[in-house]
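Following this line, the structures themselves.
There are two complexes below, and they share chain A, which is joined by chain B in the first and by chain C in the second.
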Partner chain A sequence: MLASQIGYYSLVLGLFFSIFIISISIKNFNNNQIIDNRIFSLSFLQLLFVLISFIGLIISFINSDFSNVTVFNNSHTTKPLFYKISGTWGNHEGSLLLWLLVLTIFIFLFLVKSKKQPKKYRILTLLFQQIIIIGFFLFVLKTSNPFNYLFPIPSEGLGLNPILQDPILAIHPPILYLGYVGSSIIFSSSLAAVVLKYVSKEWAKHIKIWILIAWIFLTIGILLGSIWAYYELGWGGFWFWDPVENVSLMPWLCLTALLHCILVLEKKLILTSWVIILSISTFTLSMSGTFLVRSGILNSVHTFANDSERGIFILIFLFILIFISLIIFFFFHNEQKKIQSKINLFSKETAIIFNNWFMMYFLSVVLIGTVYPIFLDVLTGVKISVGPPFYHKLIIPFLIPFLIIMSIGPNLSWIKTNLKKINISLIFFFIISLVISFVILKKNNQSTLINTVLLFASLYLFFVTVRDFFNKNFKSYSQKIGHFGFSLLILSIFFNSLFSSEIIINLKVGEIYAFEKGIIKFKKVETFNIKNYKSIVGHFEIEDDKKNLIELKPEVRIYNQPVTITSEADIKTTLFSDKFLVMNVVKDHDFFNVRYQSKAFMIWIWISTLLLAVGGIFSLIRRLNEK
Partner chain B sequence: MKNKFLLTFIIFFAIFSFFIFLKALNNSNVYIADNIFKENLVNFKSQELFSTKEILSEEIFKDSEFYILNIWASWCAPCRKEHPILMKLSQNSQVKMIGLNYKDNFDSARNFIYKFGNPYSNIMTDKDGVISIGLGAYGVPETFIIDKNKKIIKKFIGPLSKKNLDQIILLVK
Partner chain C sequence: MYGKKVKLRILFILLVFASVVLSIYLILKSLEDNVVYFLSPSEIKNLKEINSNKIRVGGMVKETSVIVKANEINFIITDFKNEINVSYVGSVPNLFEEGKGVVAEGHLKDRSYLKAVKILAKHDENYMPPEVKEALGGK
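Let's look at the complex of A and B:
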């Protein structure tokens, strides 16, 4: 009870600090040559109070203080400590408090770490960031107060949704938020740079660190979400083009484009407008994502509450930010035309620009697929759902030139490349990849034109990046790891869709089913009576074409009153494939419906995405050491 | 010149999207699952809130032209908001109102009713939320309109608004 109250009041105090910071910053903006020290201490205090508030909520969760509505709705005394703590941000109110905490941490770090930057730029960034922070403070206090009081105090809480009790999901939201909030710093600082006409090489060098931080967290956050969907939801896939997944992919695409453009800006001082537009849109997309998920417009496992008041608040806040940035961009920004130099067709920057356009195209596809159904529903009342075929048809063909440019681009020089100097091995790998992809696909009877070309393009990127590892240029190791990771990702997704197989059969206990890739033996079933459900566990033995034996134990749960049946899949992971087995009860029959999937290279999808992030981390470490 | 045109266009488009989202926000709150139309109400058994007697749903869902099944809880703030509308609905003699108290504590649920009034003729309890899952509910509050053949004819997700009240009154005429 005490912890909740302390939490609430320190949250209110935190809001007041924003007002102090803003008033002091405005005074300080024109006056002195140095930053007022009070700004640092106030920012620190604000961070401290939000932290106290967050810890207050965690303590309420640990103590199972059910006088707090948030705790009552999302916790239970019998829950393990780990899930009590992760329950703090596993709900709408707590997760917003976490947003706020990360916002204050980041702006404090920004202030401390940007000492070499001009004073006015730092103060203006702080001001823009405080506008965002105030918006979130008001949002939390007005519509989603995590410290609401409940009387009479219930003796037991309602518990956390079992689907959310998962170690990966406990860390997935905080990591994703670090990415989203990181993009808010990029947003504020790019607006400040535009107002002060500070879009320069120095700015690019400094902001790139923040872009990298946001990008790394966003990448890992998406990866964790995807792993969770695969294991916990048991749909047997890693990406479903679910609107909520798309909403996290869009800022990622935008940020990836920005990550590459900022390099061009740093080297050549071109693309300034484009960098600003990307910085603004990354954060706008993150905010829109929050809006779409939190307002309940999209229905999915991620939706916390269908409360339209919350939705309207974020919507208005989002559009205020959009208007501020539009006005700043149009009235303050002028492209430095004098320095604009000619761009040569065979140069690194051309490759980056080309792939930027491809990434913008992918972004538009995802954006249209996600938002268009909402528009259509409102305007005409027609409900449509956009599924994987839409995205696959529109994205896959354009991956081919994208991959090829990705392999050649890093081998070109900045400004202009002497074509004679281009390594002969590039052409050699070109032919090799073409041959290999043709042979692989022919052998598996999958040799359609698009398959062959796609496999060729990803193999080409794979070989070229592998070769680049042997070059002595240590500077671009991060780029090599990143690009290598991406080629591996596309390859594993490709092989996954090509070599995965699925068998659906009806089996009785004791029966054996042989198919071309192995044998399924249904050995026995065991039943257990657990609290409010009956558990039926099937024992299966599977022998694959290489005579390997695996045992899988899928489960069926029958909840009583009313009868609800759920299936829990069993998954065995190996280096080359995942074996996935799920069984269902068939009404009034003595056999079970069994679905067995062999998913090729599943683990490589996770590894390669992790490699992408590792590339980012390498680059970040190098940048931080440069200073 | 060109910039001004672009700015106007973008601002116009932004305003347009704003209103679309605003409208979508209001739409999404109350939407009817198409597939639920043909479904019949499942039978269930549960404790009554005040008498704490075990009652079968068949005993309650009888002798009326229309039934309104409202899932609510004392801890749910939107339920408090929709309560006056339920009170108004209960004045309609055509319908029998049945409350389903969702994942709640008996005492706080009773206090809620003492404080805000009782629109229901019966209140069933759903302590672990299993009945609500069986009814296909998404959360609290949720309201089902059921006809005399125990067919679910309409379903409201989220708190009822004044507009919904008029819709319901028209429906049960």
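Let's look at the complex of A and C:
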């Protein structure tokens, strides 16, 4: 109870600090040559108070203080300590407090780490960032106060949705938020740079670090969410083109485009407007994602109590931010006309422009697929959904040129490439990949044109990047790892979709089911009573087509608070395939609904995505050391 | 002369414009083919014609209507005005239960029979897809 109150008042204090910071910054903006030290201390205090508030909420959760409405709605005394803590951000109010905390941490780090940048630029970035912070303070305090008081005090809470009680899901939101909020710094800083006409090579070099940070966290955050969905939701896939997944993919695509484009700006000081547009869009997409998910327009595990007031608040806030940024962009921005550089067709910058071109195409596919059903519903009341075939049809064919440009692009030089210098091995790999792809697919009777060409393109990128690792005079490890990771990702997704198989069947205990690729034996079920759920474990024995025996023990958990049934898939992972078994109870029947999947190269999908992030981390480390 | 530079610019802009138009055309075209409509059993009764497109049907699982066999599950979706028979092969979400809301995706065979390929999971006991709520008239 005390913790809640301290939490609430420090949150209110935190808001007041925003006002102090803004007023001092405005005074400081024109007066002195150096930044007023009070700005640092106030920013630190603001961070401290938001942190206290957050810790206050965590303590309320640990103590199961049900006089706090948020705790009452989302916790329960029998819940393990770990999930009591992770429950803090597993709900709407708490997760917004976390947003706020990350916002204040990032702006403080920005202030501390940008000492070499011009004073006015730093202050202006701080001002823009404080506008966002105030918006979030008001949002939290007005519509989603995590410290609301409840009387009479209930003796027991309602509990956390059991499918959220999972170690990966405990860290998925904070990491994803670091990515989202990181994009807010890029947003503020690019607006500040536009106002002060500071869009320059130095700026590009400095903001690249923040782009990398946001990108790395966003990548890992999406990866974690995807792994969780794979084993917890029991569908046995890694990406479902669910609107909620799409809203995290959109800022990622935008940020990836920005990550490449900023290189061109850094080297040649062209594409400045484009970089600014991308910076603004990335943050706008992150915010819209929050709006769509939080407002309850999209239905998913991420949708907590639906409240239209919240949706409207975020929408208004979003419009204000977009409005401000558009005004700044049109009134202050003018492209530097001094350096008129010609862009040669065979140069790195052309390849990067192509990359951006494709990224924007992928982005618009995902955007339209996600938003169109919402608009149609609002305008006509017709309810539709857009499934995976839509995305596959539109994205897969365009991956082919994308992959090829990705292989060749990094081998071109800046400004102009002498075509004669292009290594003969590039052509050699071209032929090799074509042959291998044809042979693999012919053997498996899958040799349609699009399959062959797609496999060829990803193999080509694979070989070219592998070759470059052995090349003596190459510098950018990060780029190679990233591109290599991407080729591996496409290859594993490709093989995964080609060589995976699935059997769904209703079985009673003791039954045996034979299918063309093996035999499933349902040996027995065991029941256990665990602290906050009842566990039913099925014992299965699977014999695959090579006569290998595998024991799989999927579990069904019946949670008591709230009453919810979840399935815990049992997965045996090997380098080449995952054996995935999940069972569901059919209420009031003897049958269990059993789903057995053999998923080829599953682990490589995770590894390759991780490699993408590792590439980013390499680049980040190099950049930090350059300073 | 700036003639060449201007020409290049125009070419570039035309190229951008063409690719934007092309991609929007492609997106809208395949949107048309890949959209899944959501209907209630009553809306299905009133359909003029039945095509082979995939649809989603939402409503309540009728009490005592679930029949489980080894390779398929049969049940009835009702919106308390009309009903539709569903046969389904595939995995069943844990919260699939008689008297609870459900969304089934599949192909209509006639106005009272749906061959489902997917049953959508609800997320918890209290949650009901808004489509179902609406189809049931806000009950």
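Keep this in mind: the second predicted complex is superposed on the first by the 567 of 627 C-alpha atoms of A that agree within 3 Å, B and C clash if a C-alpha of one lies under 4 Å from a C-alpha of the other, contacts with A are read in each partner's own complex, and residues count from 1 in each chain.
Methods note: a contact is a pair of C-beta atoms (placed from the backbone, for glycine too) under 8 Å apart; a residue touches a chain by one contact, two chains touch by 3 or more.
Predicted, not measured: the structure shown is a model, and the values here were computed from it.
Asks: Per the contact definition in the header, classify A:V582: touching chain B only (first), chain C only (second), both, or neither.
Replies: second
Asks: Could you figure out whether chain B or chain C reaches more residues of chain A?
Replies: Result: the larger residue contact count on chain A belongs to C.
Asks: In the superposed arrangement, does A:E526 touch chain B (first), chain C (second), both or neither?
Replies: Neither partner.
Asks: Which partner chains sit in contact with A:V556 here, chain B, chain C, both or neither? Use first/second/both/neither.
Replies: second
Asks: Pick one for A:F291: touches chain B only (first), chain C only (second), both, or neither.
Replies: So A:F291 only meets chain B here.
Asks: Which holds for A:F72: it touches chain B only (first), chain C only (second), both, or neither?
Replies: So A:F72 only meets chain B here.
Asks: If we overlay the two complexes on their shared chain A, which of chain B and chain C does A:D545 touch? Say first, second, both or neither.
Replies: neither
Asks: Of the residues on chain A, which ones does chain B touch that chain C also touches?
Replies: Residues 299, 562, 564 of chain A touch both chain B and chain C.
Asks: Residues of chain A touching chain C in their complex?
Replies: Going by the criterion above, the answer is residues 161, 163, 233-235, 299-301, 357, 361, 364-365, 368-369, 372-373, 382-387, 389-390, 393-394, 504-507, 511, 513, 556, 562-567, 582, 584-589, 591, 593, 595.
Asks: For a test of understanding, state which residues of chain B touch chain A in their complex under the given definition.
Replies: Contact set of chain B toward chain A: 3, 6-7, 10-11, 14, 18, 20-29, 42, 44-45, 75, 77-78, 103, 105, 107-108, 111, 128-131, 133-134, 138-139, 157-158.
Asks: Please name which positions on chain A make contact with chain B in the complex.
Replies: Listed in rising order, the residues of chain A that touch chain B are 69, 72-73, 148, 150, 152, 154-156, 158, 291, 295-297, 299, 305-308, 311-312, 315, 319, 322-323, 326, 330, 374-375, 377-379, 532, 559-562, 564.
Asks: Write out the stretch or stretches of chain C touching chain A in their complex.
Replies: 19, 23-24, 26-28, 30-31, 33-38, 54, 56, 66, 68-73, 89-98, 121, 123-126, 129-131
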